[in-house]
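You will see two complexes here that share subunit A, one where it goes with subunit B and one where it goes with subunit C.
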Partner chain A sequence: MAELDLRRPAVRPGEPWRPAGRRRPGTLRARRTWAGRGRLTAGLVGLGLLVAGAVLIPWLGGLDQGAVDYTAVRQPPSLAHPFGTDAVGRDLFLRSFAGLGVSLTVAASCAVISTVIGTLYGALSGLLGGWPDRILMRAVDGVNAVPHLLLGIVIVALYRGSVLAVIASIGLTHWTTVARVVRSEVLSLRGRPFVDAAISGGATRRRVLGRHLLPAVVPPAVLSSVLILPHAVWHETALSFLGLGLPPHLASLGNILAEGRQAVLLGSWWIVVFPSALLAATTLAVAGIAAWWRDRARPRRRSELAL
Partner chain B sequence: MTTLTTPARRRGREIGILVAWRLGVAVPVVAVVATGVFLLAAWSPFDPIYQYFGAGVFSASDATIANAREQLGLDDSVWSQLGRWSGGVFSGELGQSLSFRQPVSTVIAQRLPWTLLLVTLGLVVAVVLSLVAGVIAAWRQGGWVDRLVTAVGHTLEGLPPFVLALGAIAVFAVAWPVLPVAGLTDAGAAPTVDQVTRHLVLPAVVLGVSQTPWLVLHVRSSLLGALDEDHVTGARSRGLPERVVVLRHALPTALLPFVTVLGNRLPELVTGAVLVETVFSWPGIAAAVVTAALSVDFPLLAALTLLTTAAVLAGALLADVAVLLLDPRVSADG
Partner chain C sequence: MSLVGEGLVGGWRRGHAVVDGLTVRVEPGRVLGVAGPSGCGKSTLVRMLALLHDPWRGVVSVDGTAVPRTRYRAPAALRRRIGVVFQAPRAAADPRLTLEQVLTEPLRAGGERDRTVLAARAEELCDRVGLTRDLRSRRPHEVSDGQLQRACLARALAGGPDYLLCDEMTAMLDASTTAALVAVLGAEVGRGLGVLTVSHDEPLLAAWADEVLRPW
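So, the complex of A and B:
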């Protein structure tokens, strides 16, 4: 037994356990924890910049949705027009940011609707528990079984040309994730000691709900509504792109991209590239926040931190 | 009597119960979806009679219109219309598509094969891409491939398929014209294998790539999880080569949830197909959804919604059955 050095512990204190023989570059851990915080900051700053741009740029630039200039049709990006111009000579820089604003507004309305529905539904399901919970969750599976875009198309087709229908069609199909999150949160809260303590201390049902359960459910609900945001933008652009979404005179990202569909065949790549870049930037910013949240919520496995 | 309790038999029974249970759930789900669609139509401000008459509705006499309404049963309650329609579903009579001027069943029969071809190929592209990229990324975690794959994955996640499609057109059809832009064949050409293959490349690759991000990130994270498991550590400590450890010991456990994810991704695949088929003018069923929606072709829209719902439920069921067959540790829980 001489080879076994008993004085040295297998895992040194202060150093996390890790499986043997797994190659991990030494600096990665430190970088990863930083990356978690950095992604949150980058996400928040990015989202803030995009929202500020969507609000300020069309306002400062004096956007005129009806302005056309046939002498400057489909011009590539230049100093005068940083994003170029579209098929009727409108400045794409202004229009893209205005479109981002329209898309974000629609998406935010959808996110609010889905969050409210999802929170109520999930809280109800989690509170009832037992077989009502199972039935309600099966219903969620049922809603998820219809492709969201298809359901959206059906709703929008039957109520053509109304912005409200677009908002409803997205809001009514995306509450299921919120419902799931809130339900699992309520289920885990119900068994916690402080809830038991409140009940045994004689708190009424309403007080337990209002003081102990609801406040704890709000942060995940708000967060999942932020996470819905890029998905809602995505859906709005898809519907508008198909010609089923917002009315064509409104500059939404989807409408601009739909115009870009013909322009691309004529070689005007900028009509597609810049609006889609804004779209991707929005999603990436929110993905940063989402990644931070996932790390925070489940810090158990280091390998997942790198996601 | 020992044969009754062999693992294979028990598994077979479990699968039977799972299928029966899922079918039991699927029937009410489909019924609820159908009811929902009909209620939406009933509440919508749109009057289907305009669709039947077209522009002629303005010159037709009130008596003619009233007669047509009577014959089409448009004045009946939602429930009796729904009852009549669902009776038709069981006898294969889905009504007349207004935008294609054909029976709905004909439209579906003509277009479904093209969609199946496109979707199957897209799925193959997505699975191959995500397996290769995901395994390499997880294997060399933190390396440049990993960082590239994760970054590209997150970026693609945010780009709708139609943006990818437009980009692909801009690159491969306009800037470097090697592939055709749209349709099933060149204008007026017969649909030969050669023609269809050339026209299939861009839509299938775009559809596949648009589905890859979730899958690749999923493969990567579940393989990373599997690499931390005890049996993998055991395999390493036995001195097995790295390739065997990753591909034979870690990957199989990592792939089981992948099968489930794949089955549950069908709705997204349908969404992708709708957009990709529209951009590339592919004559499939998903593009027909858009045509139907643009001209408020309710019979076709209702039939396609139901068809898709059924397909999605079937996809999830297939994935779960596959997991049951592949993994002896999993037990069926409905």
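So, the complex of A and C:
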């Protein structure tokens, strides 16, 4: 075999190598298109405005949750009441943003709870494989077989009328979707040769999970749990409507929408439209951020985004 | 003192043994070639020897110690003594890690935490397999197959194994990269590394292997 000099450096262009699109020496910033960052910026700005509104507007407007005004019942939007008033004369602008705060808290807590439980459960099931996997997934089928609302009602009925009970009742019933997504990802990943290579390098099960599997699995899991946000608000509505959720004087998007349903038949569209618009805007903003993160988490996509 | 697979029987589907009653002995400082047609069980043999696949019958023993379990349940110290280089470098490297992380992963798994030690080891390994240092911060999709296979070889050598199993390591590579990798391995064999290499490349086996096994 011919002698080969391995130490000889290859001929290279003068600049050090960098992936296309990374900052060029001497320029202020890398070239970026609006495409990748647009969703992130719009999502962050939108979510920031909504959260700031939910915190500041009820506070600045001096919202009194218990106050009613029968001289100003079902007034259409005006300067004094930008979102109009509801069936007992409460200002919807203040109540909608206060309700957004409550609903955001409930929905975000549910999303976090279901992501954590679902990811750990799905990863465990996928990693163990064999009969433990079968038992764990049949348990998921079991949880899914019971209607979510029914299970939620049981939990809320045990601990009446508190926000924590509502959070628990939704969070503990919606992790199954996340668990399924994560399990299938783990199953497809764990047969790959790089897992074999890690095992042969002496990695423990936990190390393979933490280093190779979870980083690949968490972004899609988070994205699938973000879709729980509007669903969680719907559940909170349903529980409140059945008289098991939050007390009716406490503003939440669910409570406002549930009360607004009757008012719509009398022509008061604003009671439903404005709170719904806030809910839709929140969902879009969060979905934008999550989609950006999912794309960024794929290495090849990330270097494309940098172009 | 050798890596021995004795009377190995194993496969993937019940009742259909791919490897049927095979005995192999990988000795330190020697290169054992394995050749045979596609689908005849060469990779399965490598996986069983690497403690990655349960044999149905037969025993794999490292330096006289029989290893009864495979994968996670095999002792980590024994797994670390057997390096494996897989056929397809793209699939064998985690796309999320940089090359430096890829090739120091076995050291981290072995409990090494010190960043400066890891970086120094990474540089040393890069030099050993002929990987230029500026490649270390790239991710697998940003380098060529040959460069990635060098990184995978460096990873297999990182833990200082006594035995190296190469599963068609050079099948996807051009002649010069093949020659370079074989030259790197030649130096390691000189230091007492035992190599089992699976290959379809008959001239390479003729030039490199001390002995060629053709069980099929």
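Assume the second predicted complex is superposed on the first by the 193 of 307 C-alpha atoms of A that agree within 3 Å, B and C clash if a C-alpha of one lies under 4 Å from a C-alpha of the other, contacts with A are read in each partner's own complex, and residues count from 1 in each chain.
Convention: contacts are C-beta pairs under 8 Å (C-beta built on N, C-alpha and C of every residue); 3 or more make two chains touch, one makes a residue touch a chain.
Please read all numbers here as calculations on a predicted model, not as lab measurements.
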First, second, both or neither for A:G191, with subunit B first and subunit C second: neither
Partner chain in contact with A:G130 - subunit B first, subunit C second, else both or neither: neither
Subunit B versus subunit C, judged by how many residues of subunit A each one touches: B
Partner chain(s) touched by A:P215 [first = subunit B, second = subunit C, both, neither]: second
Which of subunit B and subunit C A:R207 touches, first, second, both or neither: second
Contacts of A:A287 with subunit B and subunit C, given as first, second, both or neither: first
Touched partner set for A:G62, first subunit B, second subunit C, both or neither: neither
Common ground on subunit A, meaning residues reached by subunit C in one complex and by subunit B in the other: 19, 303
Subunit A partner contacts - residues on subunit B that touch it in the complex: 25, 28-29, 32-33, 37, 40-41, 44-46, 141-142, 146, 150, 154-155, 157-160, 162-163, 166-167, 169-170, 173-175, 181, 217, 220-221, 224-225, 227-228, 232-233, 236-237, 266-268, 270-271, 274-275, 278-279, 289-290, 292-294, 296, 298, 301, 304-305, 308-309, 312-313, 316
Complex contact set, residues of subunit A against subunit C: 1-2, 4, 6-7, 9-10, 16-17, 19, 192-194, 196-205, 207, 211-212, 215-216, 299-300, 303
Of all residues in subunit A, those that touch subunit B in their complex: 19-22, 24-25, 28, 138, 141-142, 144-151, 153-160, 230, 234, 237-238, 241-244, 257, 260-261, 264-265, 267, 269, 272, 276, 279-284, 287, 301, 303-304, 306-307
Of subunit C, residues touching subunit A in the complex: 47, 50-52, 71-72, 76-77, 79-80, 82-84, 86, 88, 91-96, 105-106, 109-110, 127, 130, 132, 134, 138-142, 152, 155-156, 158-159, 176, 179-180, 182-184, 207-208
